[in-house]
Amino acid sequence: MIKVGIVGGTGYTGVELLRLLSRHEGAKVTAVTSRKEAGMPVADMYPSLRGWIDISFSTPEDANLKECDVVFFATPHGVAMAQARELLDAGVKVIDLAADFRLKDPVEFQKWYAMEHSCTDLLTEAVYGFPEVNREAIKQARLVGMAGCYPTSVQLGFLPLLEGGKQWIDASTLIADCKSGVSGAGRKAEVHTLLAEAGDNFKAYGVKGHRHLPEITQGLVAVHGKPVGLTFVPHLVPMIRGIHSTLYARILPEGRDVDYQKVFEERFAHEPFVDVMPAGSTPETRSVRGSNIARIAVHRPGNGDLLVILVVEDNLVKGASGQAVQVMNLMFGLPERQGLDIVPLLP
Amino acid sequence: MIKVGIVGGTGYTGVELLRLLSRHEGAKVTAVTSRKEAGMPVADMYPSLRGWIDISFSTPEDANLKECDVVFFATPHGVAMAQARELLDAGVKVIDLAADFRLKDPVEFQKWYAMEHSCTDLLTEAVYGFPEVNREAIKQARLVGMAGCYPTSVQLGFLPLLEGGKQWIDASTLIADCKSGVSGAGRKAEVHTLLAEAGDNFKAYGVKGHRHLPEITQGLVAVHGKPVGLTFVPHLVPMIRGIHSTLYARILPEGRDVDYQKVFEERFAHEPFVDVMPAGSTPETRSVRGSNIARIAVHRPGNGDLLVILVVEDNLVKGASGQAVQVMNLMFGLPERQGLDIVPLLP
Amino acid sequence: MIKVGIVGGTGYTGVELLRLLSRHEGAKVTAVTSRKEAGMPVADMYPSLRGWIDISFSTPEDANLKECDVVFFATPHGVAMAQARELLDAGVKVIDLAADFRLKDPVEFQKWYAMEHSCTDLLTEAVYGFPEVNREAIKQARLVGMAGCYPTSVQLGFLPLLEGGKQWIDASTLIADCKSGVSGAGRKAEVHTLLAEAGDNFKAYGVKGHRHLPEITQGLVAVHGKPVGLTFVPHLVPMIRGIHSTLYARILPEGRDVDYQKVFEERFAHEPFVDVMPAGSTPETRSVRGSNIARIAVHRPGNGDLLVILVVEDNLVKGASGQAVQVMNLMFGLPERQGLDIVPLLP
Amino acid sequence: MIKVGIVGGTGYTGVELLRLLSRHEGAKVTAVTSRKEAGMPVADMYPSLRGWIDISFSTPEDANLKECDVVFFATPHGVAMAQARELLDAGVKVIDLAADFRLKDPVEFQKWYAMEHSCTDLLTEAVYGFPEVNREAIKQARLVGMAGCYPTSVQLGFLPLLEGGKQWIDASTLIADCKSGVSGAGRKAEVHTLLAEAGDNFKAYGVKGHRHLPEITQGLVAVHGKPVGLTFVPHLVPMIRGIHSTLYARILPEGRDVDYQKVFEERFAHEPFVDVMPAGSTPETRSVRGSNIARIAVHRPGNGDLLVILVVEDNLVKGASGQAVQVMNLMFGLPERQGLDIVPLLP
């Protein structure tokens, strides 16, 4: 049994890790830290876990994280980079669900996250936690910076069109019109995500620039091998879980005769958590609620020169904690699906 | 034109006052204070008011509230009692939407609101802002403490059964099972009213004791003239506006032959904002959304000895700001409906 | 492996059975009937089941239900009673999720369901599917009529107070103020459960009389051994899943010194799917979302003579399909928790 | 007072007309038809109108629509074209909220609405009910086919960029990523808009082709004077009211130095119901809830060559019944804002 520590277990990615790991037959959560809630049984904060998790929150000092095999950071940005080295030095693997190890360029990190990166050397070592691209690197990694929620869905949708420098679409005019449920904002006391503010309401935000833009671009450039131009417009949906990304790509002459449905089906045929829907489908976010699956549909309206790719995922699972467990399984040689055999909850 | 000042215009009762007063033909908002947002145009915080409200938030110092004819306090508990006397002394009428002038007993106030009452003499003068009972007193008042949201709905429903010492029902075993939308918690950054927490969810709260219990009891005792025993269980509904109170009362032998439908219809026949529905109705909260109407239905299941009274109101209108405008109209001799001629928004 | 047939797999209790049984290690769904959708892969209607269920809907004729070990009826009222005998005669066990075998009195059935009961002799044999009371009878049963959603929650809450003729509370003045998410109305095209009608809205319904009232009363009388008087007021909550029952009971002199928290804890100590929360708790419906758990909290406000019992369950799981799987496990000697080891989905 | 008849008053556009017209000081609703509900007081179906509307539904035969000054058709597609001529011949003006008189080409109509157009000559006469473009023609019209909900928002957003044959943007690659609340689907008993289906969920639909696509294209071509290529992807949002259109347009070399914020502000400076927000804004649908306002924000991310235009409207008001009242005001020489002076309901 892998011994798992979770730093910052009071937020949504934390409780989601607990939900998934409490049934994982190859791993056991041995410590969950929260300085603020130290001493409180985890199940007192999250009654949904009564009977599943018996431990209490502990202070970082008491948690003995160095005795874990792996530590997840489900913390605000900046925490993991301060603590990762000590754990790595102690032989503990580290999986960060925040942004500390996503962007390879510390200048970009500082620009978007308003803090200096405190361990730039680890940035070089860190592997981007996106199994559909980096599976082999993840298997060898000590330190993984998990892909963000929007970036996972957008990259999955553009991947088959850009990989290996393909010239089927105009990579300089990509558009990602993305919609997320409010849990993506985390379990923070804020006005704009109150039910009375975000309920029965819809809006865009971050149009001028969103932290996930450089992450997505970095990822797409990495697979494409050439520059990529992306416009990313996120929107807030009055629902709890789920991301729906509507992606637009202009087909180039070279790409006119490509069978895109087939391209997507073949690309993801062996991926355990990516489901390419039949042609003409419009996937719903609830069809993946609570599960690690992303579903994709490929459209080419009027057989014209614009591709419309629809991608849905549960932002807390495939967009965060589920993908992190998938990565953990890879890092420890466990079956990739272990602990993730969950049927989506519908309705 | 009455000159109106609003202290604390950034919360939900504040913006609701602005919505109602911006179309009121006998009143004009001349000052809205917010120390934190001073200088910001009100319509920048609430784009729904663009074109309707031109003024900016001002500091209390700059607001010249003493030049107003009336000042509404849409503030946290404790603010009005600190500022009311100075305004009253300057000849300004005061309407408090918080709890400072609701409870007549300062000991009770301190018990439930965890602060000492700082101007107990004004408590004696203050009139309880509940027009269906206190209309004449309100007309003469300088200082009104508005009824709370739950208390308005519960008192309206029990009023015809208890008034004047009637012995139709057992006043010692009243039950109020109340359900409120989340805007009742105000526009405060808190975790438990996030969409991701309160959405798609239902729960009771405050079962051990809620601040509105003593207020309701005080009001019912006042009209009944005898002791009243009430169990009050509030619940949080995943919706924005609306209160639904389900009230239970045991019929005494003396009340067995009473025609309760008729009793309610007659009691409220001349009330401009109380609508007794036809027998057998089940009023919906959305049927009063955005309006100052309360709708009531009277049930006696199986013609047995239990009365079930259903009351709906918009907690921000009849339960707060609308009733406050109604009170202002009364205090200044304006038509009681002025500024409140709003058709509910359905769907 | 038990071979399972489902009659009427297109509604919410049907898809929920499929969700639960697709991961059940001791049972396999071999037929799902729907005359209307015959030939369509089940996963085409419910993409959440893609990868989990490979079969298609079939006509009742093609389904070979007689070769199943057990058949679930997830159908409208009246279907099971027309088909049960033939299956039973063929040695197939039958579990009905509708109301055909709930009420023991065919006159009551006809009164509330507006149809004559077509096999009253089977009514005598049928066992009421409520394991917390009937576990041993269920183990021996060929035919089970599952408890309804509201009845499960209300009976769980009153059970420890009434069982064995206890005189702690006044059994003649019970009140159940219940609130349900809209999935309780089923997957039927109806106006009143449209999002635009039921969303951001709250109302009572069925105050004059609801089909679940005689079922609850029958159950309570059975455990109490004496008459029971109950007022039942259901309400519709703008959420998808979940029932919250707020129960009120008057304490009699004989019950004044009872430790009710302890009574509940002891009564359900060995029940795998009933969780008595710590004193003072207010359980949320989301704390059981997707799981077969019911959570109960016991309150006695002001230490007075009124008990307030709060019960939450997922209406589609413990209130329907999950409890039906629990019953199947009992009928076939499987571990009672098998296939039901699901952590609630929160948030 | 204008005498108003409404054909089909039981749907959402019907009740919304009633809400708006019940307070309109220049018009009076004298007949509301519904064959199915004839005889029922309108306020029995819509308790929100109790005290505001006293009439009952009547059959078309009893309604004496020919004595009205204007008749609104709030009916399914195909009804207005069957009845318009008789009313027009009797001197009654006709405003159709359905699609019968939107598309100028009867072949297109038949293609998208699956019925033959029964009075093609009236198509020539009919004016498109979109005041921001057709105000003068509307003033002279006897017959108006109101703009659809999506088309209103999309056309408002592209209008200033295309009008008069401008070459600022590439008119052949327009994208409209639109999101609508469920009331846009009408008050029809359907499964896919049940709260349990559409709630807590997000999806695209109609990607292959939606009826509003030819309407939008027709409108844009009319103002641009040249061909227009548009990709239109509608999505369903779990909310009741509101449309949010996110529009994308590629800037051509000729348009690089244009100040688009200024262009929009000047274009709509004198429009009573279009509000161009300050640069950098992200308008919320709730900021127009219940009102006839559309709010627009103009973005050019990174000062690149892609314009992102955000448009919000209430689909039942500016997208339907409110705009129809605006049109009625124009047709009868009333002040354009009359009856539409409503402050949006927020929260």
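Chains: A, B, C and D, in written order; residue numbering restarts at 1 for each.
Note that in this section a residue touches a chain if its C-beta (ideal position, glycine included) is under 8 Å from a C-beta of that chain, and two chains touch if they have at least 3 such contacts.
All values reported here derive from a predicted model rather than from experimental measurement.
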Chain whose mean Cα position lies farthest from chain B: A
Selected interface, B-C versus C-D, where C-beta contact pairs are more numerous: B-C
Centre distance in Å when chain C and chain D are each reduced to the mean of their C-alpha atoms: 45
Whole-Å gap separating chain B and chain C, where each centre is the average of the chain's CA atoms: 39
Multi-partner residues of chain A (at least 2 other chains): 12, 181, 183, 187, 196-197, 199-200, 238-241, 283-284, 286, 289, 347
Chain D residues touching chain A - in the complex, by the definition given at the top: 173, 175, 177, 179, 181, 196-197, 199-205, 207-209, 229, 231, 233, 235, 237-242, 244, 246, 248, 250, 280, 282-286, 289, 299, 301-302, 304, 306, 308, 310, 312, 347
Chain A residues within the chain C interface of the complex: 12, 15, 19, 22-23, 46-52, 183, 187, 199-200, 240-241, 275, 277, 281, 283-284, 286-291, 293, 295, 316, 341, 343-347
Residue ranges of chain C in contact with chain D within the complex: 12, 181-183, 185, 187-191, 193-200, 238-240
